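Some structures are shown below for you to check.
Shared between the two complexes below is subunit A, which has subunit B as its partner in the first and subunit C in the second.
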Partner chain A sequence: MRYPRWFWPAASLPGVAWLALFFVLPLYAILAIALGSVDPLLQTVRPAWNPLDWDTAAFDFVFEGLLGGGGFQKVFVRTFAYVAVALVLTLLIAYPVAYFVARHGGRWKGLLLAGLVAPFFISYLMRMLSWINLLQEDGWVNDALAWLHLVDEPINWLDGRASSVVLGLVYGYVPFMILPLYAFLDRVDPRLLEAARDLGASPAEAFRMVTLPLSVPAVLAGTVIVALPMFGDYYTPDLLSGSPNTSMIGNQVNLYIRGGQQVPVGAALVCVLMVVLLVLMLYYLVATARVARRAGQA
Partner chain B sequence: MSRGSAWRRPWGLALFTLAYLAWSIVPILVAIRFSFNEGRSRSTAQGWSTRWYWGDPDLSVWHDPTLYQALLQSLRLAAIAIAVAVPLGVALAVGLTRWRGRGAGTSRFVSLFPLVTPELVMGVSLFLVFTSLLTFVELGTVAQAVGHVTFSISFVVIIVRGRLLSIGKDYEEAAMDLGASPVQALRMALLPLLTPAILASAIVVFAISMDDFVISQYLSAGSGTDTVPVRIYANARGAPTPALNALASLTLAVTLALAAALFLVWRTARSRQGVRGAAVEDLAGFETS
Partner chain C sequence: MTTFHPREPRRLARREFLRRSALGAAGLVIAPSLLAACGGGDDGGTSTATELPLARPDSPVTLPLYDDNAAIAAGLEPEDGPLRIYNWVDYLWPKKLKEFGKEYSVDVELTTFSTMDEAIAKLASGAANFDVFFPTTDRISRLAYGKLVQPLNRDYLPNLANVWSALQDPFYDKGSRYTVPYVTFSTGIGYRRDRLGLDPAKLDNPYDVFWDDSLRGKVWLLDDAREAIALALLRKGETDVNTEDPALIDAAKADLLDLISAVNVKVSTEDYSKVPEGVAPVHQAWSGSMIAAQWYLPEGVGTEELGFWFPADGRGPIGSDQMAVLRGAKNPVLAHHFLDFMLEEKNAYDNFAQFVGYQPPLTSLDPDRLVTDEVVPPTLRSAVVRESDFDAGLQELELSPDGQVLWQNAWAEFKAGL
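Showing the complex of A and B:
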C-alpha cells in the first residue's frame, strides 16, 4: 500500500489554515490599517483591505519624521545604537562561556548546561524585576558600590539611563546567544584542532585559525536570534528607565497603537520595522533550511 | 604528547564562566529572598516571613485576586497552548516533511516564519485583526490562547521535523509491507518513534507560553486576564510591597516543577527507545532551534 496523493497535504491542512488565518492575515491587517484611515467622528480605524483604496498619509507622516530629522529619526538612531552596543556585549559574554562549556566542560558539563538553560524557565519579566529590586536607590548595587568607595551618593539607576536599559537588554538576551553558539562549538571536530596543533599552531592560533572562522555562521545566527526581539522590545526601557529619553521603536509603536487616534501611524511604523528586519529574518530562515537539508541527507 | 600538556586548562575562561553564571542567577535568588521579607521593602533585607505569600490578609498573593488570578491565567494559557499547538504542529510537521508538490514550499516557509517574527509584530497584528476584522473573537482568554498557539506551532514543527528527518520512511514502509493501512502505519510505527520529540516540544511550548509577555499583554482584556508577566510589568515600578516578588517566585517554582515533571517523562520515553547521551544537552539544542 502507498499513501494517497492527498494524504500529506491533508495532514498539513489544519496547521496551514491556522497560520493563514492567525498569522498571515493579521500581517496583512497591519498593512491595510497602515494604508487605511481613521473615522473622523467615531475615532475608529477603517482598514483599506482593497489596494485601490490605499492612502499613504500614515507612511508620509512616518517618513517625514524619519528623514526630516524629527522625533522618529532620533528614536530609530537610538534603537540601533542600543541594539548595537547590546549585541557586542552579548557576544563578548556569550562566546567565551559557550566555548568553555563546549570544549572544557568535562564532567561538569551537565551542571553547567543546566545553568545555561535555567534562564529559559525564568520569565523575562521576573528577570527584569530582580534588577529593579537591585538597582533601587537603597538597593544592593548602590550598597556594593558605596562599600567599594566607587560612589559617594547612592545613584538612582532607574531614572532614565541608557546604561540601565542596555544592561537589561544584555542580561535578558545573553542566554539566547549562548545556546546556539554552544550547540555549534560542541560539534566542532576535535581532530581538526589536533591537526592544527600537529602542524605547529599554538592553542591560541588553533582557535584563531580553525574554531573562530568555522563558527562565523553560528555567531551570525545567534546575533539574528538576539537582534530580532531586541528591535521589538519596549518593556525593558519601560521597566528599567521609564523615561521618554530612552524610548525605543517598540515604545513608539506601543504609544501609537494603544493611543487610539493615530493607530495607522503605529501600523506604518511596524511595517517600516518589518522591512528593516526582513533581511535578518530571511537570512536566518535560509540558514536553518540549509542545516535541516543537510541533516536530512545524513 | 598527552592531551593535558597540549591543551592547558583555561582557568581564565573557567573563572569567566563561573562569574557569568553567578551574574545570571544571583539576581533571581535576591528577588526570591526579598519575597520572604517581613517588611514592605523590595530592595533591602527585612527579616523573614511568609507574609507576602499568604500571611497578609489583603496584600498577599493568596488573598489578592489580581495576583493569584494572574498565575491561574498563565497556567490556563499554557495548558491550552500545549493541548492545541502540539497536535496541530505534529500533523503539520509530518505533512510538510512528506508532502512534495505544489504549495509545499510555501507552506513550509509560512510554518517557520513565526519563529523569526518579533513578538511585537505578532502582538500588534493579532490585536489589530481582532479589533477590526475578526471582531467575533473578543480580547481576553480566547484571543490570548489563539496568540499562544500561533507562536507555539512553529516550535513544535521544527522539533518534530528534526526527529522525522533522522527517522526516515523505512519504518512506515515496513509496516505497510506487513499489511498495515497508511493510518495504522502512522499510528503504530511512526507515532511511538516520535513520542520523545512530541514530549520535548510540549516542554518548550510550556516554557515559552509561561514566559510570553507581549502577546498576552496586547490581547488582554484588562486585569482579569492579565498573566504573571503582564502583572509584573504593570506593578514592577509602582508596587509598594514584596507580594509581586512572591508572585514571581511562586510562578518560577510552579514552572520549574511542571517542566521537571515533563522532563522526567520525556527522558524515560527517550531512554526506552535506546537514545543515549545527556538529556539536558538535547533540550538545550531544542531551545535554540
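Showing the complex of A and C:
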C-alpha cells in the first residue's frame, strides 16, 4: 500500500504544534515585551508584536549596565560564579550516590531511589523554608557543628552568606543530577568492566578508563538540567540570604518584571540570559554529538 | 492567628511561595506579564496618554467624572450577588465577609492578589469581573482616568462620617468621588529591645541606627524601593519623599550601598515576623506589622520587648489604603453597601483588632483607647496612627514616569549589591 506524500511528514505535526505553541510563541511574547512599551495610563505592558514598532531602549539599557560595570554586570558575574560552584558540588554529591545505587544497590535499588527522590515531592519553597529552620542560630546545623566541636560560637548562616545560597541551590537541584546519572550508570554493560579487569585494569582504573568516559553524556545532560533552573532562581537568595550582596539575575528580572515603567527591561534581561545559555546549550549539543560519533567509530 | 503585610508590592509571604513554586526557569519568571499581555494589553482602548495630575497635599486633585461612567442612583435595591471582592491576601477578616453575606443574603467571594501591578493588569485586561477593589493611594488617579473604578454615590455611605475628616475629603480624591479609606499605616523602625541592646528613640537621629556598624548583621530594610529610599532621604533631613531630583536619589542610593559594607544589610517585607522572632533585631517596619508582631512572639517573650519608633512630630512616612467599586461591577449597589459595612464602627474595629493589625481611620480610636483595650501594648503606642499624623506625615505618592524610572533604577542598583 502506498501512502500519499504528506502522510509521514504529517506525523511531526503534534511536535511542531507543541513547539510553536509552548516555545516559539512565548519566546516571541518575551521579545515583544522587551521591545515594547508600557501603557502610560494603567502601566500595563504593551508588547510590540509588529517588528516595525520595536523599540530597543530596554536592550540598550541592559547592555549599558552589563558592559559598563553597573549592577547588571555584578549580578551576571555573581550568578555564573554561584551556578558554577553549585554545579561542581552537585556533581560531586550526585555521582557517587548514583554510582552506589546503580552498582551496589542490588535488590534495594528501587527503594533507595524512591528514598532519594521522596523529599523532592515536597515543594521547592517548602524545602527552602525548612533550611531556614535548620540554619538559624539555634538550629540543628549549629547544634551538630557544636556537638562535633567544629565551632565554638553558633554561626549565623542566614546572615547574607554566599555559602548558604549555594547550599540551597545544591540541595534544591541535586536529585535532577542523580536521576540522569543513575539512569545511565545502571545501563553500563557489565561485560565492558569485566573486559577491562581481564585486561589487567584495577577497579579504579576500570572506573577511570571505562565508566567515567562513558558517562560524559549523562554528566552533561544532568548539568544542563540542573544549570538552567539555577540560572533563573531568585527565591533561594531571597529566602536564605536577603542580602543585596547575594542577589542573582533572577532577582533583578523579578524586580523589573513585577510592574512599573520598566517591565521591558526585565524582559530584555531574560532575553540576554537566554542567549548566553543558548551558547552553553550549543556546546552541550556539540559535545554530545562528538561523543556519539566516537562511540560509533569504536 | 496570622496576618501578613498585604500592601507591599514585592513581598514574599510564605503563602505566596506555593504559588510561585512552579516558576523555575528564567523564562518562566516572566509568566505573569505574559498572561497580562495575552489578555489584551494591546487593544490600546484605555490609553489616552493623558498627562496624569500628580496629587500632592498642596496640589489636591478632583478626579474627573465621565458621562459613560456615572455613579449609580440612590435608593436602589441591592443585587442578588454573589459579591466579588478583590483584595490583598489576609487583609480582611473572613468572619466579616460571612456576616455581610448573612445580612444581605448573598454569597461573598474573595479573590486575592499579591501586587498592585498584578491586580491592575488583571482588571485592565477586562478578564476579571469583581465588584470591590482595594487600591493604594498612588494608583487612584490612574484608576479613575483609566475608568476602571466607578464614582461612588455617597447616599449609600453614611458611615463615612465615622472616619477622620481629613480622609473624608483627601487631597488625592477631593470629595471622595471614587474611594473611601480602609486602613492607615506609618513607616518607622521596629525592633526587639532585648536583641538590639540600644534604643533607637534615644539617638539624636534614630535613622542612624541602620548605619551603626556595631550592629553588623542585625539590620534589615523593607524590600520596597519607595520605603527604603525614603528612609535614606529622611536620615539626611530631606522630607520630600516624592522628590525626582536625581542628585538626591543618587545620594540616597550611595547611602544605601554604604549599608551593605557597614552592616551587611538585608531586605525583607516580613517585618511582622522577623522582628518578634528575633531574626531581625532592627527592621524598617510598617506600624500595622508591628501591631501584628505581638502575635508572632516566641513563647516566653513579652510584648514589652517589641519597640516601634516613629518621629514624635509626625514627620515620617504615612499612608492609607482605599476601597473602591469597580466600573465593571455586576453588583454595584451591594458593593456600596459593603464599603459602608466596613466603615461601620464595630466592623472596622474588629477587622483591625482581631485580624488585620492595620488600623482604620476611625475618629473613635486613639492611642489611649487602644492601649486600654489591650489591642496595642504600651511599648507600641507610637505604632498607632493619629489623625494629626495626616497633617504632618509624609505620604509616598504617585511619581511621574521619569521619576518612577529614577527610583526603580536606583533601587535595582542597590539590590544588585557591591
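Some observations on this one:
Here is the rule we go by: the second predicted complex is superposed on the first by the 245 of 298 C-alpha atoms of A that agree within 3 Å, B and C clash if a C-alpha of one lies under 4 Å from a C-alpha of the other, contacts with A are read in each partner's own complex, and residues count from 1 in each chain.
Keep this in mind: a contact is a pair of C-beta atoms (placed from the backbone, for glycine too) under 8 Å apart; a residue touches a chain by one contact, two chains touch by 3 or more.
Note that this is a predicted model, so its numbers are computed, not measured.
Residue contacts after overlaying the shared chain place A:A287 against neither subunit B nor subunit C. Looking at the shared chain after the overlay, A:V219 reaches neither subunit B nor subunit C. For subunit A, the partner with contacts to more residues, out of subunit B and subunit C, is B.
Of the two partner chains placed by the overlay, only subunit B lies in contact with A:F100; subunit C stays clear of it.
Looking at the shared chain after the overlay, A:I155 reaches neither subunit B nor subunit C. Applying the stated contact rule after C-alpha superposition, one finds that A:L273 touches each of subunit B and subunit C.
Contacts of A:S123 after superposition on the shared chain: both subunit B and subunit C are touched.
Looking at the shared chain after the overlay, A:G139 reaches subunit B, while subunit C stays out of its contact range.
In the superposition on chain A, contact is made by A:L19 with subunit B only, not with subunit C. Once the two complexes are laid over each other on the shared chain, residue contacts for A:L89 go to neither subunit B nor subunit C. Contacts of subunit A with subunit B, set against its contacts with subunit C after fitting on chain A, overlap at residues 26-27, 29-30, 33, 44-45, 47, 123-126, 128-129, 136, 158, 228-229, 231-235, 238-239, 242, 250, 253, 257, 263, 266-267, 270, 273-274, 277.
Residues of subunit B touching subunit A in their complex: 6-10, 13-14, 16-17, 20-21, 23-25, 27-28, 30-31, 34, 41-44, 88-89, 91-92, 94-96, 98-101, 103-104, 107, 109-122, 124-129, 131-133, 146-147, 149-150, 153, 157-158, 161-162, 165-166, 176, 180-182, 207, 210-211, 213-214, 228-229, 232-233, 236-237, 244-245, 248, 251-252, 255-256, 259, 278, 280-281, 283-285, 287-289. Those residues of subunit A that touch subunit C in the complex are listed here as 26-27, 29-30, 32-33, 39-47, 49, 70-72, 74-75, 78, 123-126, 128-129, 136, 156, 158-160, 228-229, 231-235, 238-239, 241-247, 249-263, 266-267, 270, 273-274, 277. Note for the complex: subunit C touches subunit A at residues 9-10, 12, 14, 17-18, 20-21, 24-30, 32-34, 36-38, 41-42, 44, 46-50, 52, 115-118, 120-121, 124-125, 142, 145-146, 148, 217, 220, 260, 264-268, 279, 401, 404-405, 408-409, 411-418.
Of all residues in subunit A, only 1-4, 7-16, 18-20, 22-27, 29-30, 33, 44-45, 47, 93, 96-97, 99-101, 104, 109-110, 112-134, 136-140, 158, 171, 174-176, 179-180, 182-183, 186, 197, 203, 224-225, 228-229, 231-235, 238-239, 242, 250, 253, 257, 263, 266-267, 270, 273-274, 277, 280-281, 284-285, 288-289, 292, 295-296 touch subunit B in the complex they form.
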